[in-house]
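What follows is a set of structures for review.
The same chain A turns up in both complexes below, where it pairs with chain B and then with chain C.
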Partner chain A sequence: MAGPKTIIIGGGIVGLSLAWNLARRGWTDLTVLDRDHLNAGASARCGGGVRSQWSTADNIRIMKRSTELFASFPADTGFNNWFRQEGYLFLAYTDEQAAMFEQNHRLQKENGVDSELLSPAQIKAKAPTINTDGVVVGAFHQKDGVCFPFAMVWGYAKACRRLGVQVLPFHEVIGLEVAGEKITQVVTNRGRFAADLVINGAAVWSPNIGRMCGVELPNCAEKHEAIVTEPLHPFLGACLIPMDSGMYLAQTMRGEIYACVGLEKGPATDYDHTFAFAQKISRLMIRLIPRLAGVKMLRQWGGFYDLTPDTNPIVGFVDRPSNFYQYHGLMGHGFMFAPALSEMIAEHLVAGKLHPDIAPYGLARFKSGGLEVEKMIIG
Partner chain B sequence: MPRKTIICRCEDITLVEVEEALALGYRDVESIKRYLALGTGACQGKMCLALLARVLLERGVAPDEIKPMVSRAPLAGAPLAAFAAEKERA
Partner chain C sequence: MQRFRDHRIYTHHEREFDRGREITIDFEGHPLRAFSKEPVAVALYAWGVRVASRSMKFHRPRGLFCLGGRCMSCLARVDGLPSVRTCRVPCRDGMKVRRENAIPQATDDLLHTLDFVFPRTLHYQEMFTRPLALNKLLQKSVRMFSGAGDLPDQPLSAPPLREREVEVLVIGAGPAGISAALGAVEGGAKAVLVDDAPELGGHLVGWPEPLLGAADGPAWIAAQHTRLEQAGVETLLGAECIGRYREGFWALHHEGGLVLVRAKRVVLATGAYDQPPLFANNDLPNLFSARGLMKLTNRWGICPAVACTIIGADDAALSLAERLPEIGVRVLGLVTESTKIDGDPDRAERIQSRGVPIFLGHRVTQAIGDFHLKGLRLEPVGGGEHVDARCDLVAVSAPGAPSWELAAQAGAEVKFVDGQHGFVSQADAVGRTRTGDVFVTGEMLGPCSPARAVSHGWDAGVAAAFDLRANDPRPAARGHTPEP
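This part shows the complex of A and B:
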């Protein structure tokens, strides 16, 4: 039994990790459609950060599991994801931020995440190159880390194909045909696909897909930008997040420094890079690590955070069409959440077991005001 | 060209690796770039793109299907201090 004929729209880490999790559980009649080449969207534009330091219990638990899955990814898929667990180091500059760190730290401990609070002297010992002026306290978790985003997409795509999943780039969905209560056909620019089940994993483009069958989705695309420098000898272990700016900065396995920070809030229609961003991020980087002043920026680019009104994902079936499953609204951290969320969603779809951590994420919640807001969304 | 010919000097990508990517079905520049990290090093594709285009042409990809990788700022690598020193915009 190969399971229902399932079409997944979106070949990013969300769609591919779900396809792999479904195929492993015996659902192999699967097709993943992407309108572009693989690694074109958010999964390839993100920073590749993976952390369990969150402010809500469900996010902490989901990311604890996801971190384990990033670590076992090479063994599970046969593809090296260059995951490097040298921690995330958050820096607080005000008493209010320090109080939030303490509260988060307690909640993380309660949920099995072994994070620690560091004094400025301890921060200096851990990361001697960083400027700790004005830092009140740091929050650190050794098992957090940084992964090479492209490799996760390639690895899942390869593992999917090995299990018989069709992964089809350059297939843009242009219509959904509904008969009665169900979607029956997914129409692309390269042909039609019959479907028993359709999964919307198209991130900020999910509302466009929803509209094709009358489902209104509240997602908002917010533009974020990033830069990368020339490669340097490894000197920076942890991914750094100074909370005064919300920047995140890390050194990759290839030696480059990359950094991101928010510029404009609210809905965006493009992710073009801007000079204003290059200037802002350069100033923040030099302030945090003065020795970066002479390091060359090689490239800047932009991408979208897929925001929802209450900062939580949208996961689950909608009322109509009854075979239309949503999996998006991942708030700019879909890359790190996808491995664990996909595991839970596959259990939901294949075995009918709805994990309590994803149960609240249905679209219907917005009618009653939404969920608890996550405070540690960065960038 | 010998199989060990370097196509991308910054990232040490050889002809053999490009051929492996082609064999997996990746025939467009952006996919190959992301699969091999070709063109993602210090030169940002300035050295390797022409060589890659030649390999793709020789392997039967149509000329109008070979599009260059997206070019982004900065045009050439420049120190962070140069960007940071700009006066604040009004």
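This part shows the complex of A and C:
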């Protein structure tokens, strides 16, 4: 029993982690299509951050599970993801932010996440190089961490292929053929693929795929940019998020300082790197860690957040075509959510068990006004 | 205890070396005599410091290779700043220099044992993935050894952002770039010429052969220096272009700050990357690119070793074979996989008549030595008995890989061209790319001789200026105006 003939559109962490979870459950008649090489899209452009410090119970629970999956990834797939659990440290600069931290902290505790609130002195002790001027309070969770994003994609792809999944880069989907209620064929620039089930995991390009069979999707691409410096000997364990700017900054496994912040609001059309970003991020980085002044920037690049109107993902079947499953709209945190979400979705598809945490994410919710808004979306 | 001996040549039968004024630098606690025009990397090499740095992963000893700011073998901590390209920074009195990325020190780095434990390679992506406890241990130890340098000692303050507008910006001041700047002025434009090196001329600073009527590279550069002054070309040295931004400017890193240049036309002349040869142990210290070695010996007057083997038989290789003996280095021979000599045959004959063999149809299979270079192993291309050449110096003369990065950022088409050793910017006969306002010239278009670089650079410069005069200035690109 190899399961239905399933085509997954999008070979990022979303598509590949779902493919692996399906294949492990016996659905091996799977093909993952990507229009570019692996690691060309958002999965490789992100910072690789993984955290359970969120402001809604659903997100906290999902990320608690995902963190476990990141930690066991090397053993599960035979591929090192260099997931380093040295914590996420949020810094509040106003009483309002501090109140939000306290509220989140209570909710996180209730949901089994052992986060803590730190005074400026405790922050200084944890990360002596950082400037704590103006910091009211910090929020820290030791099990949060940072991994090497490319390795997650490589690892999933390799594990998928080992289970017999076809992973096909450079296959751009150019059409979907619908007969009656169902998609029957996925047409690419390199040939056609018959399908019993089609999964749309194309992130910001999902609306283009949806339109090929008359499904309108509300996703909007927002450009964010990132930078890395030259590699330095390890001096910073935690990933830092000063809430006044919304920047996040971490030292990677190789020692580079990675930082990211949003600049342009609204629908984006290009990935281009900008000087405005380089200037803004350098100032923020130096303000937070003054000794970074003089460190060389190696690269900067842009990537897309896949925004939805209520900041929550879009997961589930649409009414028509009936074999068209959506899995996108993961904002700026698809990378960290994908391992746990894919596990739940695979259970849903294979065993028919709809996990209560993903049940509210259907496309139909937008007709009734959407869901609770997540307040801790950063970058 | 490290011993230092000065390898500089202070008396040469026909040349003087312009090193600038005598100063003292501090190298890992040792005061060393240096000169104000000498790059730090050169001053250290002059004192016998062969291990310039340690490689990132296996901590292999690395020595100078290209001396052109491209190979990254000379990274060291300078005055509290990590990973400075020491071949690009002139010495200053009292400057403090220290090698990094070694435990406890670059000469005896314990982490080099990794290289012996994993002699083939290190498949770190897939090793020790199970059990989880072992995996955690692996991650912890890898983390401990990551990075190259430490954070700067002190926060630096940068000078304020500068902005300027120019008519023709020429990036790269080698033979093609110098000529392009002069060509642009001839075509009626104002030109600004920039380079990340502290002096004009690119690799020609070490080129000892006659060039377009000048006795050698330095003589040609000196003549151009005068012409550039007369033509009113502004030259900005020690200025590195870090990128072309879509806001419509080129960002230069200069004197610790940034200069944003809006240019109506740009000529890129950023040259080619010297390529390391492909054989085992190809990174041992004292294995140089031919151009790197020419700079070290001809420009800076340093005697690097006792016996040299030269890989290649083109003009640069033949030049080295003829001139190294003048500074007391014995040339054991030249090796090339090719069955014919690429350079001047008369010169090759002259060299052979002095008892220096040229091994045609031979390839190098490995460099011998585990810390110091001790020789090369050669083998006929078709197979057969190998020969070991015992030498303590190797020069590799091979076509460089064209640089392409700035052209690609500007929107030029860049294609992989096998016969031209890498990615080549696509351009018409005068170097015009599809962007309309960006021209490319010199070795960016594939290997070429200095004379050819000069003539093509001139054409590209003239074309850029004509193009500027023929068309209305383009509207400035959209984007923000940076704050001062």
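Just so it is clear, the second predicted complex is superposed on the first by the 379 of 379 C-alpha atoms of A that agree within 3 Å, B and C clash if a C-alpha of one lies under 4 Å from a C-alpha of the other, contacts with A are read in each partner's own complex, and residues count from 1 in each chain.
Heads up, the rule we're going with is that a contact is a pair of C-beta atoms (placed from the backbone, for glycine too) under 8 Å apart; a residue touches a chain by one contact, two chains touch by 3 or more.
All figures in this text were calculated on a predicted structure; none of them were measured in a lab.
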item: Which of chain B and chain C A:Gly214 touches, first, second, both or neither; value: neither
item: Which superposed partner A:Thr129 touches (first chain B, second chain C, both, neither); value: second
item: First, second, both or neither for A:Gly78, with chain B first and chain C second; value: second
item: Partner chain in contact with A:Pro267 - chain B first, chain C second, else both or neither; value: neither
item: Partner with the higher number of touched chain A residues, chain C or chain B; value: C
item: Which superposed partner A:Gly26 touches (first chain B, second chain C, both, neither); value: neither
item: Chain B versus chain C as contact partner of A:His37, first or second or both or neither; value: first
item: Chain B versus chain C as contact partner of A:Gly175, first or second or both or neither; value: neither
item: First, second, both or neither for A:Lys296, with chain B first and chain C second; value: both
item: Chain B versus chain C as contact partner of A:Gln279, first or second or both or neither; value: both
item: Contact residues common to both interfaces of chain A (with chain B and with chain C); value: 154, 230-231, 254, 273, 275-276, 278-279, 286, 292-297
item: Complex interface listing, chain B residues touching chain A; value: 26, 28, 30-31, 34-35, 37, 41-42, 44, 72-74, 77-81, 83-84, 86, 89
item: Complex interface listing, chain A residues touching chain C; value: 71-72, 74-75, 77-80, 82-84, 129, 151, 154-155, 230-235, 253-255, 272-276, 278-279, 286, 289-297
item: Residue numbers on chain C that touch chain A, as the complex places them; value: 56, 81-83, 124-132, 135, 138-139, 142-144, 146-158, 161, 242-243, 245-247, 249, 251, 260, 479-480, 482-483
item: Touching residues on chain A, where the partner in the complex is chain B; value: 37-40, 44, 150, 154, 169, 229-231, 254, 273, 275-276, 278-279, 281-283, 285-286, 292-301
